[in-house]
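Comments concern the structure below.
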Amino acid sequence: MKSQRRFINQFMPGETLDQVFLVRDKDLRTTTSGSLYLSCTLCDKTGNIPARMWQVSEGIYNSVPVAGFLQVKGRTEQYRGTLQLIMDACRPYAAEKVTMADFLPATEYDVEEMWAELLEILRAVKDKHIRLLIKKLAEDRELVAKFKRAPAAMQMHHPFLGGLLEHTLNVARAARALLPLYPKINADLVLPGVFLHDIGKTDELAYDVSLGYTDRGQLVGHVTMGAVMVEKKIEQIEEETSEQFPPALRDLLQHIILSHHGVHEYGAPKLPSIPEAFFIHYLDNLDAKMYMTISAIENDPDPDAAFTSYNRDLQTRFYKHSGQL
Amino acid sequence: MKSQRRFINQFMPGETLDQVFLVRDKDLRTTTSGSLYLSCTLCDKTGNIPARMWQVSEGIYNSVPVAGFLQVKGRTEQYRGTLQLIMDACRPYAAEKVTMADFLPATEYDVEEMWAELLEILRAVKDKHIRLLIKKLAEDRELVAKFKRAPAAMQMHHPFLGGLLEHTLNVARAARALLPLYPKINADLVLPGVFLHDIGKTDELAYDVSLGYTDRGQLVGHVTMGAVMVEKKIEQIEEETSEQFPPALRDLLQHIILSHHGVHEYGAPKLPSIPEAFFIHYLDNLDAKMYMTISAIENDPDPDAAFTSYNRDLQTRFYKHSGQL
Amino acid sequence: MKSQRRFINQFMPGETLDQVFLVRDKDLRTTTSGSLYLSCTLCDKTGNIPARMWQVSEGIYNSVPVAGFLQVKGRTEQYRGTLQLIMDACRPYAAEKVTMADFLPATEYDVEEMWAELLEILRAVKDKHIRLLIKKLAEDRELVAKFKRAPAAMQMHHPFLGGLLEHTLNVARAARALLPLYPKINADLVLPGVFLHDIGKTDELAYDVSLGYTDRGQLVGHVTMGAVMVEKKIEQIEEETSEQFPPALRDLLQHIILSHHGVHEYGAPKLPSIPEAFFIHYLDNLDAKMYMTISAIENDPDPDAAFTSYNRDLQTRFYKHSGQL
Amino acid sequence: MKSQRRFINQFMPGETLDQVFLVRDKDLRTTTSGSLYLSCTLCDKTGNIPARMWQVSEGIYNSVPVAGFLQVKGRTEQYRGTLQLIMDACRPYAAEKVTMADFLPATEYDVEEMWAELLEILRAVKDKHIRLLIKKLAEDRELVAKFKRAPAAMQMHHPFLGGLLEHTLNVARAARALLPLYPKINADLVLPGVFLHDIGKTDELAYDVSLGYTDRGQLVGHVTMGAVMVEKKIEQIEEETSEQFPPALRDLLQHIILSHHGVHEYGAPKLPSIPEAFFIHYLDNLDAKMYMTISAIENDPDPDAAFTSYNRDLQTRFYKHSGQL
Amino acid sequence: MKSQRRFINQFMPGETLDQVFLVRDKDLRTTTSGSLYLSCTLCDKTGNIPARMWQVSEGIYNSVPVAGFLQVKGRTEQYRGTLQLIMDACRPYAAEKVTMADFLPATEYDVEEMWAELLEILRAVKDKHIRLLIKKLAEDRELVAKFKRAPAAMQMHHPFLGGLLEHTLNVARAARALLPLYPKINADLVLPGVFLHDIGKTDELAYDVSLGYTDRGQLVGHVTMGAVMVEKKIEQIEEETSEQFPPALRDLLQHIILSHHGVHEYGAPKLPSIPEAFFIHYLDNLDAKMYMTISAIENDPDPDAAFTSYNRDLQTRFYKHSGQL
Amino acid sequence: MKSQRRFINQFMPGETLDQVFLVRDKDLRTTTSGSLYLSCTLCDKTGNIPARMWQVSEGIYNSVPVAGFLQVKGRTEQYRGTLQLIMDACRPYAAEKVTMADFLPATEYDVEEMWAELLEILRAVKDKHIRLLIKKLAEDRELVAKFKRAPAAMQMHHPFLGGLLEHTLNVARAARALLPLYPKINADLVLPGVFLHDIGKTDELAYDVSLGYTDRGQLVGHVTMGAVMVEKKIEQIEEETSEQFPPALRDLLQHIILSHHGVHEYGAPKLPSIPEAFFIHYLDNLDAKMYMTISAIENDPDPDAAFTSYNRDLQTRFYKHSGQL
């Protein structure tokens, strides 16, 4: 049963454990007195912990599967200010028997509900071409499956399964809330633009057993990949309907994708050139920064400090008590 | 009567006029045949137009008041691609008799209604210290009078009377709309932060007869001036209540003002270090960019071009038809 | 007959002319003595010249076609340091009767020969998939027609009809010359990469009657457009051959297109990540800079100066005599 | 007695010690053979040293006060190229009995003499308003006490008790020496400007038991805090004298504080806009760089190297022998 | 007689003149009524003025010597807000008869006195090699003649004859005043470093009849040229003395020259790596900025404005009254 | 015999060794049980390896020569993921008996053949002055000896003995290959420019027993040093021939050296201002990047990864299989 697992971020010194971990790496080492010991890193979705097993044989060492699962008996202890796990026994564990959700971090929201809400928001689109485009995308099962599972990023924000959908929905909600305030902004561009702005991440990132980049993701990137996906889906629509999709609509949707990073330095090949592109750029950024600041504050390891440790991306320390004055 | 005026941005070639203008500058010149003519620039709130009066005397030239008002008879004509005004007669006009609103651009919304709505939004604040601070600010008649009249900027966005209030209200509405989506964000910081973020502009800018900077505005700037205003108002509250205003509240409100430009390059002495500061930074930016892009599109002089002329601040041309696809 | 035309860049003061020009703009103005005159700008492929016609009627003014052709009789004269053309008579001229090449600047090389040589160089490719891709591109008549006619840029380098082909051929020749020196570099990526690096310019730019950007060009840009073109052509190949085109090949060709500007600041969404991408980036840049420096030197208006005027793009003045020491 | 202490930067391998240290951190660890040992970092004003105590109980571990003082018996030894301290015994030590100056680095100059000299230099001011402002500041006992004790920075330059005064005095001496060379520069702005440029550091930094930032320091920063302090002190003067302090004087002093970092990138909300602001900016920078380079050279650990290790702030290595050629 | 000349910057509208000017450029133009007129720009050391002569022949036009001198009779008048000169008669004037100092701006100080004071300051150097180097430089008549005549820059600061010496002396005085405050700084490097830091300008700039760059100045630049000059002078000393000049001294002097611009962006091939290089960098910058700000304030054309016009180099407007509060 | 050595980059766990190493550093440490052990780093030209010798005396420790050679008996083992060497015995080894080439990395090409080929390429120069300059440089035995031995850089590219020659030859070959494509480019400047562009590295770098910078290299840098070397060699030629070397030739060669880094940020005091300087800049960069990318790919430690680890200089990971598709 999933919920009986004790997660790594809950470990205290002196616990006794008997459960399965994902193995990140392993090493066979010699103590100064000459005996062999196993050193490895064990993971679950909440983090990782260094582990050691004293006086092992090469056979035991060989049986430990890197990027595979390991049943471990042992106890935690404090070593040089961090916890480590001393293993008494271990044996490989079949991936099929594992609750994968324990090992890859995932959104805490219901994926199907989020997807339904996103489609509901998109229903406000009036333009028939855009509606058809959304329909075709929503009917593409493989794409939708990826869209529901992909993280929004490797590290920066929403770096967990379902993160792309969660982030996209957040931006869509924000757009829905703000569009009434800016009546000259074209909702028929903003709403699909929000849906599509990061859609290339479904193929830029790999998120099967762990998070990473695909080769195509590294070489081409989600910005261009998103523009290509729009192009191909529209081409498919044109073939099916024998009717031209309005070129300006296609160009503007692609423009929104290409410009949503806002500045060239962050990999945008085009700068925002319509109000709708700025609109999405700022709401996208806002949601990302809310995630980054709040999670930095909530995960700061030092409970006594008023400020988090230095955040290299945002070049500052965050004050941790602005939320509860 | 105000509404009978024909405004400069409506002029067509060949119109005959008899009305009052604000004089920006004047010059006495000689034609190649040796006769004197008057060259000057005439303004109203919608723009300005070059004007000439042939064969004038020095007396007439001297009677024209720079930064004053002039009753003008004449006709418009096209010259080198722009309109100019050929004056047949002119005489100075008393400033007291003028409808000032015709000469300084102003918000098209009702200032009192906007102010009331802003106060209404601020009523959502629960913290008693912040409520008291808002109350004291709203009771400061001189400050409120300036806040209702000040522009939001010289050129970039909302550069007209009432622009500061209009922009602040826009950001407050956006904040009210988005706060429910981010429940961990402290509304008691965001709402006063929005109110105060540009409040230093009430004294940074001069907006009596025309828009400009005050000396203090140029030397000190609205970012610091806003932080100083908060400091002084809180000091006054402390004196009146004989109670300390919570230092953290004061520091965080000042931090929001100091960091709302987001990056050092735009004159922010501090980078955003609480989620609320990022929140305001993005909504402020969003409202400014909506104004800048939409007004660039609406005021683009060439009706045939699909793109506006190049915008140096945003480093692009804007596509003009994204709103009506 | 084309060659009997006297081109604008050859005009001397005091010439008498009777020939056709392209009209860029026109204006009806009044002299200080009150009479009307026509002021306009006339162009051919070598430049443009301001022109005036004294004492015109509105009828004559209306008959002058902006962006159309005008038969002009008149004479040149020096005015404020530049030449102008005083028109004695003019009448509209049918576009069909015009030698278009006189009005749009074009490569001085034979387009068909250049195209043949480019194909010849591409014949060195050994990979069968790439060969097929090149074949399909070369058989796309519409694309090839555009590729032969498009300029390489609006202003920076090779800004004339055929400039894209001329530049691409130059880079291809350079690649062919250098590849033997770098045997570890994959010629099967470099050669198609050179061919494709700017291919998006065929649709980014407009070059019918004058040079400009298409709407899609401004919104999407040639970098992304080139990547999309490769995607679609490969998709078409896959449909025709019922065989998958190797994904890595596709990704690497797109990567070369996406990274050929070298740095994000110049609109590259990806930085070069294979030796072949750097290889193309430098040879592309080299050819562009050779054009820019040599044409700046050859076209510098002041024969006495040892240095050209300041070049804003390259932030320097060029010494004009390095070629003939 | 203070001077009998042996300071950490004088330790040699093999010394036997019995004295008090400040404890920075502590850890309870297990050796590979399973026994417990204490690992901690001990400090005094000259640096810190890692220390270990073998075979300790949890009781001993718990008795060690982090950020408190510890009486230690033990000996030094070389371990992996750095010294460490092997403790034989230890017990907590009361903070009241400690000579605090042994544990926080401090200026080597006499604070009272420096303060007197600074006031002496400021006596050259002629303007009566400025003189009154200086008088009021110098009579503010709490402020002066902080001003004499504060460091000038956490790390960059003069990072020790009294460093702010030492640095301010250095800049004041330099100003006094250079003012005669620039007679058009207003000494009545320069001298108080020097005094005030870093005065916000008295509250930006915390310097009781160790050096750090205050919360307000991190959120608001010394640049704005200095401007606010000037505002409040002037307000107080106006109340006491019932006379307006000249606004231009106030604005210019605040401008000097706001612009003394010289460029936006270093947190200056305003760029220098009067000669006096540039004057102070350069002399401030000069004194800081003299400290940084000379202390880098004097503290470089490798006596054989002609250059120091790489300095990240100044992006170079310093040549160490320029002073004694 | 020099002092009887009326200088261009003193001209008022309506003056009658009969004196010599330097001709910068000339043009033969036609009025709208068809008659020819001469348009040219006349200069002296204080500025330039546009001039016109109505109804001229080609003969008169041809007789006007560009970059030569012209005796002019005429009167000044206001045209479009600036003064112009209407010439009634003119004839070429021999350069030999001209007081050149009237036409090239020059230092207001006595060049010989400045040179003597600089040598006096340099006399504080104790190192015998440096003393010999200074002696050799001071005995190089051609070099000294150039050093006394060269400007310090084309535009930025001290852009007039004798400006290099005036600026160098200012920096030397500042160094002399500050060296006692920094006893660890090596005066034997600072003083010759100040003397040499801009010495390459003697050959980088041309300053015979007007200010400009030499070809070598544009291609190589004064930074490198200064380092080369030091190298050659030392080589010459070594030949004469048959003794090696200490290499470290040579390298450090060259380092000071190479790094005195402080950052790569301003053309410094090396960043300051000794305290003495920073010392010179800041004093050099200080003197340049004092010149730039004070001359911008003193030459601002609008007497009513509290701020100068925008200064592109320093990115601000200067407040004009900080000197006389 | 050289080839019998087993090089560090070939070591596998569990090897038994008896051979000579270069000692980089050493340390005497205590185990937790109190016994002494020797820890040191051993090198050869292919890399370095940490080594330990258990239970040593201080005598043994003292006998190990840092920066000297050591005969070592021992065996390799895996420890914490990297190899280390456990020494059983060691003794100092005389530097004279060592094959130095085993310890400093060197070009794999024949230095004399490369030099001959470079001279052959330079033979294409036609200008007699340049030919004489090349001749004089090639006859300078000391210079040529350094030129054949110097590396091209410390780390970035060709960081091994002979690297400067190898890199220079590569660029020369590329120039020879591309010059026919750009007939307006002056080969008589390009070829010597290539030869000279990095010639200052012969004295900027130290490469006797290990690679490093000379003092002059750090203070002055190869860019300026190259320009100075050209100046001095030309001066020598002028003395010998009693004829002036054409100043423009000298200036242009120095300009090529000074501008070959392309932008100020990389230490170029001048930006390229002739086509030939751009030509060399790009070919130089191309050769460096080919080295950097290919060696990063070939030396990437992880055989399973499709991308190399992150390259800080080029800000990307390299795809490792573009060469063998």
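All chains are identified by letter, namely A, B, C, D, E and F, in their written order; residue positions are counted from 1 within each chain.
Here is the rule we go by: a residue touches a chain if its C-beta (ideal position, glycine included) is under 8 Å from a C-beta of that chain, and two chains touch if they have at least 3 such contacts.
Computed from a predicted structure; not experimentally measured.
**Q** Kindly list the shared contact partners of chain B and chain F, in label order.
**A** Shared contacts of chain B and chain F: A, C, D, E.
**Q** Could you give the fewest steps needed to travel from chain B to chain E through chains in contact?
**A** 1
**Q** Starting at chain C, find the fewest moves between touching chains needed to arrive at chain F.
**A** Steps on the shortest route: 1.
**Q** Could you tell me which of C-E, D-E or C-F has an interface matching B-E, in the sense that over half of the contact pairs are shared by residue number?
**A** More than half of the contact pairs of B-E reappear in C-E.
**Q** Contact counts by the stated rule: is the higher one at A-B or A-D?
**A** Greater number of contacting C-beta pairs: A-B.
**Q** Can you give the whole-Å distance between the Cα centres of chain A and chain E?
**A** That pair's centroid distance is 61 Å.
**Q** Distance between chain A and chain F based on Cα centroids, please, to the nearest Å.
**A** So the centroids are 43 Å from each other.
**Q** Where in chain E do residues touch two or more other chains at once?
**A** 32-33, 215, 218-219, 248, 252, 255, 273, 307, 317, 319
**Q** Who touches whom among the chains?
**A** Once each pair is checked, the touching ones are A-B, A-C, A-D, A-F, B-C, B-D, B-E, C-E, C-F, D-E, D-F, E-F.
**Q** Which chain A residues qualify as touching chain B in the complex?
**A** 127, 170, 173-174, 177-178, 180-182, 184-186, 188-189, 246, 248-249, 252, 255, 271-276, 278-279, 282-283, 285-286, 289-290, 293-294, 297, 307, 314-319, 321-325
**Q** Applying the document's contact rule, which stretches of chain E touch chain F when the two form their complex?
**A** Touching chain F from chain E are residues 215-216, 218-221, 223-224, 227-228, 231-232, 235, 247-248, 251-252, 254-255, 258, 264-270, 273.
**Q** Please name which positions on chain E make contact with chain B in the complex.
**A** 31-33, 37, 54, 77-81, 306-307, 317, 319
**Q** Where on chain B does chain E make contact in their complex?
**A** By the definition above, chain B touches chain E via 25, 27-30, 32-33, 39, 215, 218-219.
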